[in-house]
């Protein structure tokens, strides 16, 4: 009962958020700059949360997430620009193909562990990028021009679905299986959990949402080029997840919001932008290697307080 | 247990709301402040959306140096209509998405009249639509792809202009020079595949060269930032061309020529304005550069007053450095824009300035005498130069 | 004849990779951290060499030694300031720190001198020999011989000296080594000093051989050197050498077949195949002897 109630509350708050922002945009109070920043934040949250599933929940060290972003971006762009199909279908297909790419990459490489997996995923992402670089159908190095179709509504719907699905997945039997893989793969195996299956599922699901983000990304920035999806992009996504705290969904969300804003703000200081950014990164990692939130969720702090109260209330 | 989940989901949503709204609030406060400081009517705000970090930072920084010099000169001589120019520089990290974001910020927040940028065609295309939608001029200093000024629908982007040539022209000049002046029959093309500039040049060179009866015996490509070209050069060498066309930027071209000469390839090489940099001579070595040609906007040896003034004041400002093509294009972009502002008689109405830009005729800039055509591309003559003992020697001038 | 020439091309490219990989494999071997900043140490080495030769007029060998010394200190500082604190943190935190450091070093250098490339002075004369139609440059022979000499030297240090023994012990089991009275911190610092000095030397050789240096030059060679180190077997010194050469030759063959645009992809495909089918690398045997 209460679980359902919580979901409704989440839904209502989300709708309030959506409607408020949409009204503000319609009223012209939020100009293009703010709405674009919101969309960019939304895309980054989807990316952060999708990688959070792979690294934070399942503990698989993937540093090639931009590859799946690229797949989603290119496939959805082909669907709208070359095949003239509607945008929602293009986003969905982009996600599905990215998930397939995730399967193709995941099945062989998830046999690896730790740094070796990391470097293999990095390699795969670079290969995906080089493949697009060599396909003239999508413009090669010059890139592909894409119409601007992404708006706040599409972004919000995708963001909402991503968070709900990943939250529910985490709290389901599958999610707990994934967490057991993260905590101790051998023990999980011994308990009869098909670790390979869960690793691949998490990887494919993460890739699917990265592909969705790719669809939004491609249709928000007018042009996509292979250089947009290099390993620095993968590192950016990785940084959201690690800075937020490995294993914390709200941490990933918060750090994606914060870092996007920091990066936007620093645009005004081009000379020192990257220096400040990397310095912040190093300092946070040195003094708080578990990330801003650790493995906790933002609710845990309140949760403690609530549970004390509820004990008193005798529920 | 149930409590946890419920609260988790509720607070997730509120975190989202809070985060997003806090973000907006912060942004607003920040930008209002900057608006006040720059909002006085006595400055002309021009944005510079450039690749100041990331993979092609050297191109963007070159343009920025040129812009800074031009702005300094104009402001020191009293500005435009008594107003000083204020350049708002924004870094796009050599990334198209960041270029879009930066353009939106410049148009919506800083309310600039015009944006100069970006160095590459892709990052220029990424902001063309924004410029049109917000009625802000976009002047791309070195975006050479036709797609910058002409949209996907085939219509000219009203507010978008460029300072550089478009790709096909230089390729045509090079091909005619090879087939005519040098009397070449077999040529090889070795192009930078990572830039649409080089690919465009390669395509137009091939077309013109074959039309003139020549034969392209080998077509190879490299990717910007490569350093070892020996294996592909070995391939080209065994195809026995009499001439090699290398559209690309000096950073790689210098190495290609050096390595090719070491391997005993003695045939002439030719390239385009991307070659123009004093560093090319340092990279390749003066001896290796003999018997190589390039098409360019201008020659630093040209006694023309504008050019000489630019070359001297540039090396004065930047401690003895000689300007390259990016420096010159950045410098020219400012003067190009200022000229249009003067003729429009208005420094803030982008619609008037855009009309003035489109009507530019015989404007004498460092990189040539510019007339803007119907597709917003400057028509300017190209100069063919030859390297002799590390110096560029004027060969011929080709009018379009 | 073209193919012999291509083989020569591949070996000269590979010996540069090998030179960087030698240092990389030592550093990775001891703390198991993908040290992304290794490429930046390489870049710093190239610039120190450049300023020493072009600015202060030093000869090639003094400049080389200076670059190696500066890089050794720099590498030790990186380890001291950044990595030491994270020795017991998660691997991913250390990796992010390495990425952050590498960006920091790149952009601090750009801040001070801009992103424009610099042309290396001709500090070392270069002659091209023509052997039966095959061109070999004296510089590439020099680089190959330097890497072989360094490889033998390193092999000697690691297997025949006391500090080498300590390195092997720390790499094998840090805690046990500490219990045996080995000063772990000093040993790791020594490893970083040697590895970074090698990166600095590689930077100077790279500068002389390829002429062009720029602040972002370390990224790709750093990644390729890591591939080479994995290819040969992490921590195995002759492995890094062979891995570098194999990588160079394979890349050259791919280009020689006319697929130059797929060259980097080929490097990564090899990496993935090696990781999947022989994760311990070409030279890795079950006897896990690591530095």
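Going in written order, the chains are labelled A, B and C, and every chain counts its residues from 1.
Note that in this section a residue touches a chain if its C-beta (ideal position, glycine included) is under 8 Å from a C-beta of that chain, and two chains touch if they have at least 3 such contacts.
Predicted model only: the values in this text are computed from it and were never measured.
A.B. asks: So what shape is it, when you link every pair of chains that touch: line, ring, star, complete or other?
C.D. replies: Per interface graph, the chains form a complete graph.
A.B. asks: Could you tell me which two chains share the largest number of C-beta contact pairs?
C.D. replies: So the pair of chains linked by the most contacts is A-B.
A.B. asks: Centroid from C-alpha atoms only, then distance chain B to chain C, rounded to Å. What do you get?
C.D. replies: Roughly 35 Å separates the two chain centres.
A.B. asks: Using mean CA coordinates as chain centres, what's the gap between chain A and chain C in Å?
C.D. replies: Chain centroid spacing, chain A to chain C, equals 34 Å.
A.B. asks: Two or more other chains in contact with one residue: find those residues in chain C.
C.D. replies: Counting only residues that touch two or more other chains, chain C contributes 107, 110, 261, 264.
A.B. asks: Could you list which residues of chain B touch at least two other chains?
C.D. replies: Only 53, 55, 193, 223 qualify.
A.B. asks: Multi-chain contacts only, two chains or more: what residues does chain A have there?
C.D. replies: Those would be 133, 271, 274.
A.B. asks: Which stretch or stretches of chain A touch chain B in the complex?
C.D. replies: Residue list for chain A touching chain B: 1-3, 5-7, 9-10, 13-14, 16-17, 21, 30-34, 36-38, 40-41, 133, 140-143, 145, 147-148, 163, 167, 171, 217, 220-225, 227-228, 230, 232-233, 249-250, 253-254, 257-258, 261, 264-265, 267-268, 270-271, 273-274, 297-300, 302-303, 306-307, 310.
A.B. asks: For a test of understanding, state which residues of chain C touch chain B in their complex under the given definition.
C.D. replies: Touch residues, chain C against chain B: 2, 5-6, 9-10, 12-13, 107, 110, 114-119, 122, 126, 128, 130, 135, 137, 206, 210-212, 214, 216, 220, 251-253, 255-256, 258, 260-261, 263-264.
A.B. asks: Under the stated contact criterion, what part of chain B meets chain C in this complex?
C.D. replies: Of all residues in chain B, those touching chain C are 53, 55, 57-58, 61-62, 193, 220-223, 225, 227-228, 230-232, 234-235, 238, 251, 254-255, 258, 262-264, 279, 282-285.
A.B. asks: Within the complex, which stretch of chain C touches chain A?
C.D. replies: Listed in rising order, the residues are 32, 34, 82, 85-86, 89-97, 99-101, 103-104, 106-108, 110-111, 226, 230, 261-262, 264-265, 268-269, 271-272, 275-276, 279.
A.B. asks: Under the definition above, what is the set of chain B residues touching chain A in their complex?
C.D. replies: Those in contact with chain A are residues 2-17, 19-20, 23-24, 26-28, 30, 34, 50, 52-55, 88-91, 93-98, 100-102, 104-105, 107-109, 121-122, 125-130, 133-134, 145, 147, 152, 193-196, 199, 223.
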